[in-house]
Amino acid sequence: MGEIATQVLLGLPWTLAVTALALLIGVALGMPLMLARSSRWLWLKLLSGSIITLVRSIPPIVWLFVIFFGIGSGYFRISPFTAAVIGLGLISSAYMAEIYRGALLSIHSGQAEGAAALGLHPVRVWIDVIMPQLFRVALPAMATFAIGLLKDSAIASTIGVPELTFQANAQSMATYRGMEVFSFVAAVYIVISLPVAWLSRDLDSRMRAKVSR
Amino acid sequence: MSVFFEQAGTWLPQLWGGLMLSLGVTAASLLIGLPLGFFLSLGVMARERVLRYAALAVVEIGRGAPSLVLLQFAYFGLPSTGLVLSSFGASIVALSLSTAAYTSEIIRAGLQSVPAGQREAALATGMTRLDTMRFVIMPQGLRIAIPALLGFAILIFQTTSLCFAIALPELTSRAYEIGTNTFRYLPALTLAGLLYLMVCIPATMLVSWVEARATH
Amino acid sequence: MGTLNDSTPKSSLVHVEKLKKSFGTLTVLDGIDLDVAQGEVLAIIGPSGSGKSTLLRCINFLETPDEGRIRLAGVEIDAGRHPGQRQILELRRLAGMVFQSFNLFPHMTVLENVSLAQKRVLTRSQSEADGRSMELLERVGLAAKAKEYPHRCSGGQQQRIAIARALALNPKVMLFDEPTSALDPELGLEVLSVMRELAQDGMTMIVVTHEMHFAESVSDHVMIMADGRIIEYGPSAEIMRNPQSARAQRFLNAVRDR
C-alpha cells in the first residue's frame, strides 16, 4: 500500500499546480469581467453577462474537451496541462466575477459616497476604498470556491494531466486494488482542503472587523 | 455551415439519447439523495454524539471527495469487495451520496435560519420537540432552502457529465464518441454544449424567479 | 430584599425558590424567591440586564435554571434534579407566554396559529379547536382577521393574536415578556387594554415590562430587579412612589424623567 500511496502522491504537485494557476487566472480575469457586467454600457453588460452564463451553464468537462480535443487537436497543439489550466481558469473567472459582484453589492453604498465627497478621484475611490473592502468581503466565498476548484481539478485527469485522480486510476488498473486506492485518494483530497478551510475561517474573522456593514 | 447542420441532424438522435440518460441519472440521484440529505441534516444536529459524528463523517466524505473520485470508487473500487455495479448503478450511488452530503448542509442552514423565537413560541405552548420541528420549523426551514436546493439540482445535472469516465453513455460521452469516430470534436461538443445550455439556462432562470418570490 | 407576599407559600399559584442561573461566568439570577397568588398581577421592572426576562423564561423552562425550584399550579420541578421532558411539558401547558417579538407562525393563518397547539397538545378536533380559536379572537377583537396571514396584520394586532394563542390552552398563568416593547406607543395601547381586561377577568399574570403606568395601575404587586437580584417588592402603588432602596429610586427617576 505504501508503494501505491507514493505513486498516487506523485500527482499531488500537478493537482496543486492546476488549481493554483486556474485560481490565479480566475482572480485576475474575474475583476474586469465583473466590471464589464456592472458597466453602464448595455452592450458590454449583455456581452459579459452572456459569457458568464454560458461558461457556468456548460459542465467543466465539456469545456476541457472543447479546448483540448476541439481546438487543441486542430490548429494548435495544446498540452493537457495547458488545456486544463485554460479551461478551469475560464470557468473560475466566470465564478469569481459573480463572487465579486455579490461582494460589491454588500458593501455599504455610503463608502463610495463618503470617499467621493472628500474629493477623491473615482479611480482612487475604487482602488483605495472599494477594492480592499471588496476582497475582504469576498474572501470566504473565494475560499469556498478554491476548495471546490481543488476538487474540480480531478477532471483534468480525463484529458491526461497526471494529477492525483489520474495516478489513482493508473494504480487501480495496475493493481486491481481499486477500493484502497480510491479511498486513499479521496482522503488526500479531504486532507489537503482542510488547511484552506481553516485559513479561510481564521482570515474571515479577522477581516470582518475591517469592513463597514 | 450547411454541412454542420446536416451532420448535426444525424448526431442529434444519439446526443438526445445521452441527454435523456443524463436527466435520468440526475432525477434518480435527487430522488434518493434529497431524503437522505434531510436525514443527514437531522443527524448532524442531533444531541447524541455517536449519531452526530457518524452523520458528520458521511457529510465530510460526500462533500470532501471530488465527484469524479466518488464515481470511480463506486465503479472501479467496489468490485474488489464483491459488489459489482453497472455504470448506471455506480453513477446513481455516487451522485446520491454527493447529493445527500451537499443538500444536508443546505437543509441544515435553512432549518437553523428559522428565527429562534419560532421554536420558543411553539415550545412555550407545551408542544413536543418533534411537533415543533414538524409543524413550525420544517415548513419554514425547507421553504428557505428551496432556491439553494434547486441550484444544486442544476449542478448535479452538470456533474452527470463526469459519468463519462465510468463508461456511462450519457450526453458528454456520446459527443466524445462522435468526436473520436469522425474527428469532428468541436462540432459534436458544441452541439452537446447547446443541449446542456438548453436545460441549464431555463433552469437557472427558474431558480432566480423562485428566489425572487421567496424574498417578497 | 423586600418582604414577601402575605399569604403562605403553599397557597400561591406560582412559587419560585432560590432560583439561580449563570451564563458562563456571568451570574444572571442570583437566588430569586417569588410567590404569586391566584388572580394576582405581578409586574417585574428594572434596568436592562437585571435578569427580568431570564427569570420569566426560567419559570416555563425556556431557559434551564442552574439551581432552584419552581412550582406552578401544582406541578413542581427541581432544577437541580435534571427534570424530564414530560415534567417540563406539563409545566408549559399550564403557563401561557407572550413574547416581545410576537413570534406568530408566518406560514399559517391567524386561525391556524391559535388552533395548532390546541390540536397537538390538547388533542382537540379541528372544529373544536377552531371554534375555541374564534371565541378567543373575538375576545381580543380580531375575529375578522382569522383567515389572514400574520404579516398582513399590524404589530398591535399580531400581539393580540399572540395573546389569543397563549390563552387557547386555558393556562393557569400568563407570562408576558415585554409585550409592548416592540410596538409604537399607539399600538401598544391596544395590547395593554387587552391585558387590563384579562387582569380584570381574574387571570394570574406575571408581566415583565417597561410600561410604568401599567405597572402602577393594573398590577397588584411590583418587583424591581437589578443585577440578578430583587431589590424591591411590594404593593404597586407603594413601591412605585416610595421605594426603599436608593438603587430602585435611581431607576424610577431615570424612567420618569424621559
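Chains: A, B and C, in written order; residue numbering restarts at 1 for each.
Assume a residue touches a chain if its C-beta (ideal position, glycine included) is under 8 Å from a C-beta of that chain, and two chains touch if they have at least 3 such contacts.
Small disclaimer: the values here were computed from a predicted structure and weren't measured.
Participant: Among all other chains, pick the one whose mean CA position is farthest from the mean CA position of chain A.
Facilitator: C
Participant: Work out per-chain C-alpha centres and flag the one nearest the whole-protein C-alpha centre.
Facilitator: Of the chains present, the most centrally placed is B.
Participant: Determine the centre-to-centre distance between chain A and chain B, using the mean Cα coordinates as centres, and give it in whole Å.
Facilitator: The answer is 21 Å.
Participant: For chain B and chain C, let me know how many angstrom lie between their CA-based centres, rounded off.
Facilitator: One centre to the other, that is 47 Å.
Participant: As a quick test, compute the distance in whole Å between the mean CA positions of chain A and chain C.
Facilitator: 54
Participant: At least two partner chains per residue is the criterion; list those residues in chain C.
Facilitator: Answer for chain C, listing residues that touch two or more other chains: there are none.
Participant: List the residues on chain C that touch chain B in their complex, please.
Facilitator: 60, 62, 85, 89-90, 92-93, 95-97, 99, 101, 103-107, 116-117, 120-121, 162, 165-166, 168-169
Participant: Considering the complex alone, what residue numbers of chain B touch chain A?
Facilitator: 60-61, 64-70, 72-73, 76-81, 158-159, 161-162, 164-165, 172, 175-176, 179, 183, 185-186, 189-190, 192-193, 196-197, 200-201, 204
Participant: Would you mind writing out the residues of chain B in touch with chain C in their complex?
Facilitator: The touching residues are 115, 117-118, 120-129, 131, 135-136, 139-140, 143.
Participant: Touching residues of chain A toward chain B in the complex: what are they?
Facilitator: My answer: residues 53-54, 56-62, 65-66, 69-71, 73-74, 151-155, 157-158, 165, 168-169, 172-173, 176-179, 181-183, 185-186, 189-190, 193.
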